[in-house]
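Across the two complexes that follow, subunit A remains constant while its partner is subunit B and subsequently subunit C.
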Partner chain A sequence: MSDDSTAKPRHEDLVDQRLVCWYFAAALTFLFISMLGGMLMALQLVRHNPFAGIEIFSPGRWRMIHTNAVAYGFLANGFLGCLHWAVPRLTLRPVLDRRLSVLIFIAWQAVVLATAGGLAFGQAQALEWGETPTWIDPVAQVGLLLVAINFMAPISKMSGPLYVTLWYFLAAFIWTFLTYAMGNFVPEYFVAGTSAGAVGGLFIHDLVGLFVTPLGWGLMYYFVPILLKKPIWSHGLSLVGFWGLAFFYPLQGIHHFLYTPIPMFLQYGAVISTIAVELVVTTVVINFFGTIWGSGSAVKHNLPIRWFYTGMVFYFLTCFQCALQVTMTFQALIHFTDWVVGHAHLVMFGVFSMWILGIMTYLFPLLIGRDWYSRKLCEWHFWLSAVGIFVMAGDLILGGLFQGWSWAALQPWDASVEVSFPFWFVRVFAGLAMFGGLLVFLYNIWMTWRGEEELAVDSATVPAPAS
Partner chain B sequence: MNDRKTPPRATFVITAILAVVILIPSMLGFANKFYELILLCRGEVDGAFAITPVVNYLLASLGFFCLLCWAAFNGMFHDIEAPKRKMLETEWQLDSETAAQKR
Partner chain C sequence: MFESKSGILFIAGVAFFAIAFLSNAVVPALMYRDLPEQTVEELINGNLRYQFEDLARRYPDSFNEAFGEPPGGEAEHDAWWNDKCAEALRVGHRIYTGEGCWHCHSQFVRPVSNEEERWGPVSATWEYQNELQRPVLFGTRRVGPDLSREGGRRSNDWHAVHFFDPETLSTDSPMPAYPWLFDGSPDRPNKRGLALITYVQWLGSWLESYPYYEDDEPTSLRDLELPVE
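Let's look at the complex of A and B:
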């Protein structure tokens, strides 16, 4: 992994634990805000909006704050915190400059807060998942460039074959920068109409596939072997997954706009590449289940592993769902329905948020230097989150089918709203469960931080050397 | 790593045949479709709609194809399973040192 000639550095010389803590604190703060926005939207749908008539609390605006706070506030901060732990330990080199890391941290929080403020005051950009006001886009773009430079510096000094995690991270730094530029600048300033719509489709899905997916899988390839104390089943297969993602993913975003004026050959291309990605995903999932084979009890006793593998099951389900729903026949039924909302929640919370929360569950005791205040509260956090997202996604997916059938039968619009009410009520309670899980987690972190019990050295997950 | 042998002649022949059978028709097909796309863009409004996302995809894929070639020619896929063991050894060393300091 690294030059044998270099002296072996210590963990404290490599990882700025204070910064990892800051990122995690910021991530959880934005998750809290995002979930509040989600609850507001859920209450609006069941006609119980507590802020009716107040413009800046309009559910339409808070829906955008909900999605942007998750993507740029929670996931981005969570990933950056994890990267500050994983990259220096993998490369045995610190990031390029710790002062730059602090600058990026402050600048990124400013970007996310300004985005929330801009959205609340009605300055949204007309681009799904890219509603960040146009005046913030250049700042965010510079921030992404600095992130890439800061983390790619230690990786670029590596010699010899790279571990798969670093391949994913390298690609993510490049992809995220390019994806953000493509989505936020091309439709705004260079192309219009259907062409802008097609680019918007690429942007929406590339944010998932080329920003959060490579970072998420990269972190799984790092943390799962460490926690299971054994190497990944097949490193070769993991590289097949990486290169498959690189070549099949970038075209599939257009499947968001099937049955639109975008040329059909482009729509079919997106459908085919989406189905191809399902095969790639299968290789990745096989690899991880091959790794845990023979150590299945870890799912029961090791909470981070349970978070990770639950997320992987959801990932496979959501990709399988994706391969089906992009077919033209299926799309005709579920387009514009809550099926899509359920699918999006399953991806963003059921997969990537669960992975980050699992990593936090593993890292917080190491960062704070104390055992968890309550293991039982950690269990409550997991079960409230897992059951909550399972119920919410299942409920919305089913509700989407009812809406689609209602529209296909040419019933009046009101009929589809009426049929949706039971599903929207269930969604409120599923959301409350997930929100409750987060509150339990925050309380557990607070009590752990205040506690005095030092982390026992033996309980730290010191892996045995690989055989 | 040091005693790498020249692949057997049969392996070379099979690889060459597969390359010819698979790559040449694929490249011809791709070139043909790309030519159609260019004609479409020049001739119809529909084609212009397609050019931005297709060019985006082609540029991204070209970049990664170059990266794949660079990785292959720089030995990134030699001893392909070694990095997974090296990663765990590095982790074990870092954690052991931290644990020793705490004791």
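Let's look at the complex of A and C:
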């Protein structure tokens, strides 16, 4: 070791690699469970539910396990794993306390498992994406507080302007805590009816916009320059992207409940701010494509970069779709249909899950200390996931239009179900492709884990891309 | 300010969130503060009581097992039925939420897409100012029909058979069966089953247009089969 090592903290002192591994393992476990739940609901819709009539396998309950396991099991665990890697390396300081980290890890798994168990036994709270039984909410709230403290400690010791990634992270810690509190307590204990609907809308939307989105973009601002070995294209656009998102995103929640009895001026406000944020989103996407400009071939041979940029293309598509569907004209037709379900899958899997899976593809070899068992299986994982989500989203979006037209035409209700069946069948196979991708990934991780070949890790410097 | 810790924490993190919460959540709450929130007891109406007592007539054994026998005296009698009806509504609401019914059935009628024709009157705020809309059950997806005007449209028997096995009554229905709401057969709903039927029969029972039927037009002489001259 040279003298440098005293000035610059060693990687081992910064990052608890074991913890990152645990988080990733937990994340993939819950993704597996969530996908099983999704498959069950998909099979129910095409009337081939293998567990029909069994109470704890009721598709209605597993539909909620599906969405909650993705939000709190997969995304939250995946993000926490990534944060335990990125925050200490970026701030050059470890998190507040390693024991606290372990405590949070255990507590969070308990929260997610209790949520899944509570839902399976029919104790859901009537708040979309916050179905976590009411008795778990306070525990989750404390968990989120501890997460914020643990990660904000190293950030708070930084001096001078922060790097973009940390803007997003800092804000996300505050927003996630506030969003969870607002959504889980206000409509349950303080207001009822229409006002509760407004809060519920804010909650669904802020969970995506103020928890998942800022953590996702923060990680992109961190990993993309490292993997491409060049800085972000425009600092000005980074500023526009962050502050635009911070201002406009929280104002949009009510767009989930257009044409409800919520006052119309609030509905219009939500629509306008949604369209505004799509413009902001475009600047962020332009910034990232400006960054990769000239190194475009990286998407061919650098797998994590390919995951990231595929996610960004989907992000642009899904946001563009949002700018259209949020208008009252579109809402009249597509609200309540599978169009929205397709949109939700495109955002949650096509964008944020793809980013986390890309980061995992990059980090697992470094964490395990061995190169991927099979690069070919990594390719399979990518293509099954990317094609699967593209087909699923396209299929559901199209199916939604047919449902909407069928309803507006006042056809008998059964006709709208009948017109949906072909789309629901295609969705099952798209889902199977995505599930197959996950199985390939898990097998690849397992074989890499058991492999013998050692990868030389230079702990002091930023390691080279995995592929 | 734009890249500093305090700027991000207080302006983006706290202030922007607070602005949104005030304008999007506190404003409607203040606008509707004059609409009192009804308790479950206050929600019981004649239509609902009729359906609830009808359940007791149709499934006496199951009903007595779940809610007990009504007492003798006239005054006590009425109070007892209201009491049990409130209990059934609360339990039914819990089942409706716990089973995730609200993820496939919405509870609001929009003023667009011909929904007034299909479901009945457009939803109004006062309909949601009650304990059973905590949190509100607007819903975001309709795999099955909207249920906010479902009360009274179908008989209790229909609902029992439908919950037990939807395909019996609606071929190709993608709705799951709920046999655990019954003791083995559709004519033996257990407490959860009775409560859920009560809850569904309550939906829309507060409206003047109760029960609302699709394509329900007043009969005119033309429609009757009159002897051809």
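Note that the second predicted complex is superposed on the first by the 449 of 467 C-alpha atoms of A that agree within 3 Å, B and C clash if a C-alpha of one lies under 4 Å from a C-alpha of the other, contacts with A are read in each partner's own complex, and residues count from 1 in each chain.
One rule holds in what follows: a residue touches a chain if its C-beta (ideal position, glycine included) is under 8 Å from a C-beta of that chain, and two chains touch if they have at least 3 such contacts.
Since we're looking at a predicted model, the values are computed, not measured.
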| item | value |
| --- | --- |
| Joint occupancy of subunit A by subunit B and subunit C, clash or fit | clash |
| First, second, both or neither for A:L202, with subunit B first and subunit C second | both |
| First (subunit B), second (subunit C), both or neither touched by A:R89 | first |
| First, second, both or neither for A:K8, with subunit B first and subunit C second | first |
| First (subunit B), second (subunit C), both or neither touched by A:L439 | neither |
| More subunit A residues in contact [subunit B versus subunit C] | C |
| Touching partner for A:Q123 - first (subunit B), second (subunit C), both, neither | second |
| Subunit B versus subunit C as contact partner of A:I232, first or second or both or neither | first |
| Which superposed partner A:I106 touches (first subunit B, second subunit C, both, neither) | neither |
| Which superposed partner A:T194 touches (first subunit B, second subunit C, both, neither) | both |
| Partner chain in contact with A:W243 - subunit B first, subunit C second, else both or neither | both |
| Segment of subunit C that clashes with subunit B, given the candidates 27-35, 81-89 or 153-161 | 27-35 |
| Footprint overlap on subunit A, where subunit B in one structure and subunit C in the other make contact | 161-162, 171, 174-175, 178, 182, 186, 191, 193-195, 198-199, 201-202, 239, 243, 246-247, 250-251, 253-254, 261-263, 266 |
| Subunit B partner contacts - residues on subunit A that touch it in the complex | 1-2, 8, 10-12, 14, 89-90, 92, 160-165, 171, 174-175, 178, 182, 186, 191, 193-195, 198-199, 201-202, 222, 225-226, 229-232, 234-236, 239, 243, 246-247, 250-251, 253-254, 261-263, 265-266, 457, 460-466 |
| Footprint of subunit A on subunit C - complex, ascending | 2-5, 8-9, 11-14, 16-17, 19-21, 23-25, 27-29, 31-32, 35, 37, 95, 97-104, 106, 108, 110-115, 117-118, 123-125, 127-131, 133-145, 170-174, 176-180 |
| Subunit B to subunit A touching residues, read off their complex | 40, 46-54, 56-57, 60-61, 63-65, 67-68, 75-99, 101-103 |
| Subunit C-touching residues of subunit A, taken from the complex the two chains share | 44-47, 49, 52-53, 55, 58-61, 63-64, 122-128, 131, 155-156, 158, 161-162, 167, 170-171, 173-175, 178-179, 182, 186-189, 191-202, 204, 210, 239, 242-243, 246-247, 250-251, 253-254, 256-257, 259-263, 266, 269-270, 331-333, 335-338, 340-341, 404, 407-410, 413-414, 417-418, 421, 424 |
